[in-house]
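Below you'll find the structures, each written out as structure tokens.
You will see subunit A twice below: alongside subunit B first, and alongside subunit C after that.
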Partner chain A sequence: MNSEQGIALEYELKGGDFEIAGEASSKIKRVLQQIGVRSDVIRRIAISSYEAEMNVIIHAWSGVLKARVFPDRTEIIVEDQGPGIADIDLAMQEGYSTAPDHIREMGFGAGMGLPNMVRCSDEFAINSVAGQGTRINIVIRHS
Partner chain B sequence: MTVNDIVKSLPLTVVAGGDGLGAEVTGGYVSDLLSNVMGHAAAGNIWVTMQGHQNIVAVASLAGLAAVIVAGGAVPERETVAKAESEGIVLLTTALPSFAVVGLLYQSGVKGQ
Partner chain C sequence: MPEYFHSVRLMPDRCKGCVNCIKRCPTEAIRIRAGKAKITEARCIDCGECIRRCANRAKTAVTDSLEDLRSYKYNVALPAPSLYGQFPADVPANVVLCALTRLGFDEVFDVARGAEIVSDATREYLKRTDIKKPAISSACPAVVRLVQVKFPELIDNLIPLEAPVEVTARLVRGTIGKELGLRRREIGIWFITPCPAKMTAFRQPLGTQKSCVTGAIGISQIYGELLKAIATIPRDANCQRATARGVGWALSGGEVAGAEAVNSLVIDEIHNVSEVLEQVALGKINVDFIEALACSGGCIGGPLTVENRFVAEHRMKQRLAKMRAEDEAAGVKPAEYQADSSLTEYDRLSIEPRPIMRLDEDIFKAMYKVEQMENMLKKLPGLDCGSCGSPNCKALAEDIVQGTAVETDCIFKLRERVRDLAEEMVGLAGKLPPSLEEREEKKGE
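This part shows the complex of A and B:
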């Protein structure tokens, strides 16, 4: 297999839909298990994918989560249409959250999602345009 | 120590995921903040929380946790129980408050890590 031939997965996300929240990440996890990726690596992919997925559900209006699984790495790309992030440095700080109270009551809004993505990934990039949306690129190597 | 060893010695009720009772417990974590659990619980941990909504199942599954204890008499929602059953997540309940459950877990040899 050519090293750039990967498995491509793609899921639509809807802001505010907490009922199916996490399903895209769960499906990615199952694919990684089927192809035999190491379980500690799967865990890091699952956690960062879940945090990125939840941020679309919590903070944005709609989006798409893509996973590209290559033999040596998995890439997660999450793009949304939403309010965007005006101050990315502030948003990256552990504990910073703009989540409203009714969402905090569910245990979201700890302000640890972006820091968790950074901690679990080998490469992390975030681009955002206030008033338009946010794009997250994550790379996690399999070894 | 397995989840089943803990269920037998503590006042816990199995409400879903009974097939997973044989899983090894590597330690414990307590928090009601989901991203805090994602960031700090270790694989194989038993998680104590008062959240009963269905998103706890995805957290437990994606973080590779051994079981979830919904403490303080909180009642897991019907969707939570159904999802835990289909995802194979052991869901336990207890009337004891989180503090008391964690104390008993510690006494029975489950440490934080």
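This part shows the complex of A and C:
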């Protein structure tokens, strides 16, 4: 490792696989704790990676969650193959959700995923193509 | 790093160096070194899980004893509500309390009284709109320490209220000091405890400058004498017990019931607590109040209790039903929190995080170590057998990177090395000196 490369973490995600939901975010969180990032910053990173991870599991068919941990920041990139988001502005509104009823009954899909990611991150970018998939880039600075 | 006082200790002559305790420790604080368990002080939260797990009874809790009462002019016993669970419900609470005076205490004061006050204060606290939700109870000292070492981001969610025993001790110290004209150091206030973490909490309080409790005596330590004393106490002995609201704190769910918290979550057993707090940290749990207890079943499951926790739970439930009926008939009400008494939010200090995961003070070195650890982990067998003395392969990888273990501590890696060496030796054994060997080039000549 050198400080330019950072620590690269990568996790495969599968749509509908709730059994491993949250594992990728937990592993990222552990690495951040090991390198001694401030706990409130870790919390923001953990929440945004968790929400991103859950979005893939709830909505997409498959995807990958990548984290690059640098001394001064963490970057999270989530790419999925899935239905995409038809109206991103609408999806960014708190409480708006396209999650089916059976997912909502489980306590997921409350329409807070994207707003939470935005709230927790310093930089946030989203690209989506309907019928193909979504890509989210998040940067959270450590100080 | 400051020195930590810990109640949980090892008795080396009894330790066989097995892996039971290292595998169950929720903070991976134990390693086996030179055939004996060794507790890493900075990681220990005094939950007592290792005491419970050790088949050889090599783990113990350092508590005070009845001998220590001699150093004080006036001694007060503060029995934990869980003490009642050690006896059948037909042994009246006042008899249990009075029996303690036969063991050398001048006075007994029911800690459940403090629990009533904390219940009331918690109810008031939860009404506030400026607090972090979910609010997490700070009554269980092992849970508070778990938050400190594993979930520092949740420190602000801990309710800034003293535990019932501290509240009770403060009340007692105030009244007795005045009534008897005794100085602070002349009064011994002793918690009769189901739990080693409380002992640690008195020596090294979190959130408080100095504890009002002198020390702690384990329930199991005085149980025998107490049983004998109970037989000699008349049924109508005059010792005032608290109400069911406070006594109910002995069982998991007692705090929630006492505080009448509606949208709340009750978790017991330290590993369960850890799992749920992980979710709380991710913002997944939308409740107002979390009652979290390190012992299975709540305080009645404490490592220093005597009675089986399920039996104790049954007895407590019977006793509580009886108490409620009695209190209702007599019109007795639980004690309330007096907002001006500063009994609860007295001089609160902030609780400092005690991060145990961090690999190095220097972030660059720490990042390097993370990579080393990942690489090492890939090489290890992943069986988590514990034979190396670390609780699992991940912990061994960490210990290797931190320089406290080596790769061949893993018996499988050692076996691999031995095999490689053996193969090399066999290979070497087949080699002949040039004087005897028929060389290829010679053949060709």
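Observations, loosely collected:
Going forward, the second predicted complex is superposed on the first by the 140 of 143 C-alpha atoms of A that agree within 3 Å, B and C clash if a C-alpha of one lies under 4 Å from a C-alpha of the other, contacts with A are read in each partner's own complex, and residues count from 1 in each chain.
FYI, a contact is a pair of C-beta atoms (placed from the backbone, for glycine too) under 8 Å apart; a residue touches a chain by one contact, two chains touch by 3 or more.
Since we're looking at a predicted model, the values are computed, not measured.
Overlap between subunit B and subunit C is detected when the two structures are superposed via subunit A. After overlaying the two complexes on the shared chain, residue contacts for A:F18 are found with subunit B alone; subunit C is out of touch.
Contacts of A:Q93 after superposition: neither subunit B nor subunit C is touched. In the superposition on chain A, A:I35 makes contact with subunit C only, while subunit B stays out of contact range. When the shared chain is aligned, subunit B comes close enough to touch A:P115, but subunit C does not.
Once chain A of one complex is fitted onto chain A of the other, the partner contacts of A:A46 extend to both subunit B and subunit C. Legend: residue contacts after superposition of the two complexes on their common chain; A:Q132 is shown touching neither subunit B nor subunit C. Of the two partner chains, subunit B and subunit C are each touched by A:S26. For the superposition on chain A, the stretches of subunit C under consideration are 6-14, 60-68, 132-140 or 420-428; the one running into subunit B is 132-140. Common to the subunit B and subunit C contact sets on subunit A are residues 22, 25-26, 39-40, 43, 46-47, 50, 116.
Partner subunit A is touched in their complex by these residues of subunit B: 32-36, 38-39, 43, 49, 51, 53-59, 61-64, 79, 87. Those residues of subunit A lying in contact with subunit B across their complex are 18-19, 21-23, 25-26, 29, 39-40, 43, 46-47, 49-51, 106-108, 110-113, 115-116, 119. Across the complex, subunit C meets subunit A through its residues 152-153, 278, 281-284, 353, 355, 357-361, 363-364, 366-371, 373. Residues 1, 3, 6-7, 22, 25-26, 30-31, 33-37, 39-40, 42-43, 46-47, 50, 69, 71, 116 of subunit A are the ones touching subunit C in the complex.
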